[in-house]
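Chain naming follows the written order as A, B and C, and within any one chain the residues start at number 1.
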Amino acid sequence: MIPAGTAVGRSVVRPDLAAKLSGAAVYGADLPVAGVLHVKLLRSVVAHARIAAVDPAAALEVPGVVAVVTAADLVDLDATWGHYVRDRPIFADGVVRFAGEIVAAVAAETEEAAAAAVTTIEVEYDELPALLDVAAAAAPGAARVHDRAPRPGFACPPGTELGMDNAFYHHGLQHERVAEVDEAGAVVVQHEYIFPAVYQYAMEPHVVVASWEPDGISVHSSCQHPFLVRQELATVFGLPLERVRVRVPFVGGGFGSKSYTKMEPVAVAVARAVGRPVRLVNRVEDAMVTTRRHGMRCRMRTAVRPDGRFVSRQAWIWMDTGAYADNGPTVTMVAGMAAVGPYRWDRVDIDAACVYTHLPPSGSYRGFGAAHLQWVGESQVDEVAALLGIDRLELRLRNLLDRGETLIPGQRPLDADLAGDLREVAKRLDWGGALPAWRGRGISVGVSPAGVSARSAARVELRPDGRVMVLVGSQEIGQGARTVHAQIAAEVLGLGMERVVVLPTDTDHTPYDRSTGASRSTTVAGLAVQRASERLRTALLAAAAEHGGVPVDELTLRDGRISTGKRSWDIAELAAAGPIGADGDASELTGAGPALFWEVCVAGAEVSVDPETGLVEVPRVVTVADVGRAVNPSLVERQDEGCTLQVIGNAFFEEMRFSEDGVLLNDSLLDYRVPTLTDVPAEMICVIVENGDGPGPFGAKGCGEGVFGGLTAALVSAVTDAGVPVRELPMSPDRVWRWIQQTTSDTAPG
Amino acid sequence: MGVRLKVNGAIHELELAHNALLLDVLRDRLGLTGAKRSCDMQVCGTCTVLVGEEPVSSCCFLAHDAGDDEVQTIEGFAAADGFAVVGAAFAEHNAFQCGYCTPGFLMTLKPLLARGTLRSREDVQREFAGNLCRCTGYRAIVDAICEIAGIAPAPGRDAAASAPTGQQR
Amino acid sequence: MLPAFTIRRPESIADACDLLAEYDGDAVAYAGGTELVVAMKLGLADYPVLVDLKGVPGLAGIAVAGGALRIGATATHQQIERSSEVAAVLPALAAVERQVANPRVRTSGTIGGNLAFGEPHSDPATFLVATNGWVSCQAPGGATRTVPAADLLAEPFQTVLAPDELIVGIEVPLPPPGSALAHRRFVLAERPAAIASVADAQNRALVRGAALHPVLADRAVALLRLAPLEQYVADVPVEQVRPRRWVEAAATDPQLHQVPPIVLLLNQAQRVHRRSALAERLVHVRGAGQDQPAQPLRLLRGCLDRHDPAEVMAEQVRLLQAEFLE
């Protein structure tokens, strides 16, 4: 265990405690905005249709309505957005591609007037056949969801191939370790797998306050990536970056649902039309058709020699990205990588496809890619273990990569001790002990590319009042990023936490940070904070040395005071004449993404299946947070526990259900069940592993997402161990019950 | 229609449409934005306020139905004397993340503390099963509430539960 | 946001009925509004006039009289849950009420409102059916009638009450000496998913869903509303109404995995709901070691003599398991 510093390594109390507990924290819907107009959206009720006519006349007659905005009002703009593929019109333009697509917006003095007016807008749809699953959409000759060639978005990596088919993006991984791959005598398993569409459900739905001023766009948004939103808005509305300002209030959860751009373009378009500030607040039914998790189909094949040595892994993956790409290609790429697993294979052959369908768009959700595929690959490893009569843990350890070995050619080598992590889990599951019937244990090991981009800068400033302001562009969405950054600055500067303030983001003043996601806030943005703090420390010591006529190396900095043997100054004195600041960044992190480090996805679980109802209880969960250095151990634990509950939902009962016409059926919390505290496992064991092997500050590397890949897989493994083979999620009681009947009848005599 | 609302000890004379929802009145007319809107269907609990000392989903509660009963929101609770112990327990157990659900949990807690009905961890689990949280995984919230209510911690959960156990390599 | 309406506050039951009559379908009675407000938000209900029953005398109140528990329509779930009268004579009802929705709904929601909304798998309504409870109603002009709980629904979400008729209270016959009542709940979702409106096809799926999970976990039992089942039983020749057939049909139905397992019924040992052929099937159990089926009432009464309610339940589980998995 690495000893705690003065701030780093301690489970310090979060500075946002008082604001959040007292109700004083201002979230987007709480912002007082004088004269704001309320925006309500008219959404398509059909999945695929030409828009024959839109008639807003009746809506304009509703008292209090100021404007109705449609695609017709944006003809002077290239009114399409999308950071990876620029494919998403602000308003449906001549065609709707999913049920829920935005057709028109009403701005009114009251929410009531706007809502009433929306219902009076007449739209004539000429319905067209809709492609509602990836198999249909990816089939040869299927009608195209998009007629024109895909346009790369501003964040599309140069050289990315985007095709014309519905399967417009492929990520292939083909490599061979040996000259001749020999599958003679190998055990081969091959199956098809299904993963559902689920909804992130951040409890605060998306909210945007937008205004269009003569000097530019101003937006307050509950967004995770304000700098990317700024860039998107500048691109779409044809403005230089400096004339777009994005600020972020308190955010009520994100999990990826508020990543990249979501509701900002339509809010800005309305503000532009009315010349007054507008507020657009999603309801849950809006949010669910704004973004969701990709559903997936997969066929996977694994071949293993009789001695237990892995030979080949092949996978064909189809990700349902819905009608617009959002972050689909990135999700697809990571899914392809997750299909490989952290093992030595003689041959790997993966093709992951990102597929358009006439369903609501899919985007980022915690642990994407690994959540989708780790359980698939790991369940094949389990199946092979059973066929060969080798213990599941043993089989994995025999084939697991060591630190330093290549995971995927061209990518950073493995930078974690996965075998050690796996053994920790097995120990805490009492691996090898006997279990009664219908109880099972599962473990899983995987990694996922994290960090994504080294582009992050920070500034720290000592103010005359003696406090240090930290400006860094990570967003506090609940995960504690702001706390961690304060701890890093406090540690380097020898300050108490009460003297460090991390300011909310304003793209006019905050240094650039690419994004809050991919577990990079501690590792990458935190590194920028560390470097800036170190430079400030150096500057303060130099100033003190000059001020005191003392050599720098005779000075110490602790508890906010600089001391020589005889004298000491509060650092505030150094800033009496004006603030002293310093900048830092994370540019030392080498390698372009996607992996600046590998997030460890290792977990285990014990389950109890009720064969009569199909209900699965989870008495024990073990998660590994292999974080290099835990800046705040309690925050790490909380991330793993929060992710655990989301996994339980995704694995056992969450699924978005669409009618045969492509309409979302369970679009409210009455019908889309999320975990309650009755779903908490009796034991949640979070193992924090500190090997000091992260590229971030103090040897840290990020966390928060690994559990989605690791625990989903471990739960599938455990349910299978309990006697129920699993090829589809969620493992809802009706499915589990039916699989038990099938297994029973499969094995019944006669 | 005129209505006289008592909120956090203050009296407000308001002209309200009959269909005014208590949540909107509190947030938009009285500036008390601590109560939140999430599911809008009484499921999640983020809009919980007290009417006559009992919790209601203010998103589905007609403002005109408050009548003479006192309405209490998180702003009132947080300003009260007894709140310090609540804040301390939530701090110690790190029982929040994004904070959006927190006022709802706390307003649900207030009358239970007053009535002294939380005597076991099972009581806590039953009484808060109707409050959703998507961030924390719930365990820390239950621990914090147990501490506030004077309930002994769950067996097997020791103070060092989140202490790192790394091996330096 | 809600559609516009006016709230009227009558001061007597008669005035309330008259208001409903006056507005002829444009007015609806409410107390807590926990169902009505949600329905209005979803666009499923729109009434220009809301008739507030909360202040009306004679509609609240919980009392034991004449061998029955009488509860006024505007008694909230919370009041019933905490009532000392209910605790004394019918603690199983308090247990049911304690599990309605969540504490916030229980603060405002009333037993009358719950029944009037006609949700087919309402727990309190189902309990009333299982206990042969009654619903008392009053119409304009003072006409009163009682409706057996089992007959309250014309169809899901539609009671047999006239638009100007009010539920004024419920009555539950107290279990006679030597009998007992137990209830436990098993539910996965607030409502069955994939059902936006209730229609025949979906209810049929509910029924089949019940068949998919015919067996009770010994810690998870629910009461199933029998009346709607009867409608679908009526559509199918009785000899075809066999759980086994439904299970087989369910296994091939791709939509069925969407149906939550709201299951199954019957824990009023003494009073068996006889009107449903299905109910008779379900209780048509085999006595151990006998060649012919035992009469359900006798067998269950026999169980009662020997066991406490929890064991009665467990015994029923075993017997029903035998029936369903034969």
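Here are a few things to note about the model shown:
By definition in this document, a contact is a pair of C-beta atoms (placed from the backbone, for glycine too) under 8 Å apart; a residue touches a chain by one contact, two chains touch by 3 or more.
These numbers were taken from a predicted model, which means no experiment stands behind them.
Which two chains touch most often is answered by the contact tally, and the pair is A-B.
With respect to chain A, maximal separation of chain centres occurs for C (centres as means of Cα atoms).
Centre-to-centre, using mean CA coordinates, chain B is 31 Å away from chain C.
Between chain A and chain C, the centres computed from C-alpha atoms are 43 Å apart.
Centre-to-centre spacing of chain A and chain B amounts to 28 Å, using the average Cα coordinate of each chain.
Residues of chain B found to touch two or more other chains are 40-41, 43, 129-131.
Among the residues of chain C, those touching two or more other chains are numbered 1, 38, 190. Among the residues of chain A, those touching two or more other chains are numbered 669-670. Note for the complex: chain A touches chain C at residues 111-112, 115, 610, 612-615, 653, 657, 665-666, 669-673, 732-735, 737-738, 741.
Taken together, the chain B residues at the contact with chain A in this complex read 27, 31-41, 43-44, 46, 73-75, 78-79, 86-87, 90-92, 94, 96-103, 106, 125, 128-142, 156, 161-169.
Within the complex formed with chain B, the residues of chain A that make contact are 1-2, 9, 11, 13-14, 16-27, 29-30, 32, 201-205, 250-253, 255, 281, 283-284, 417, 420, 424, 477-480, 630, 633-638, 640-646, 668-670, 674, 676-678, 680, 683-684, 686-693.
Touching chain B in their complex are the following residues of chain C: 1-7, 33-34, 37-38, 41, 50, 52, 54, 78, 101-105, 107-108, 190. Residues of chain C touching chain A in their complex: 1, 38, 186, 188-196, 209, 212-213, 215-217, 220, 251, 256-261, 263, 321.
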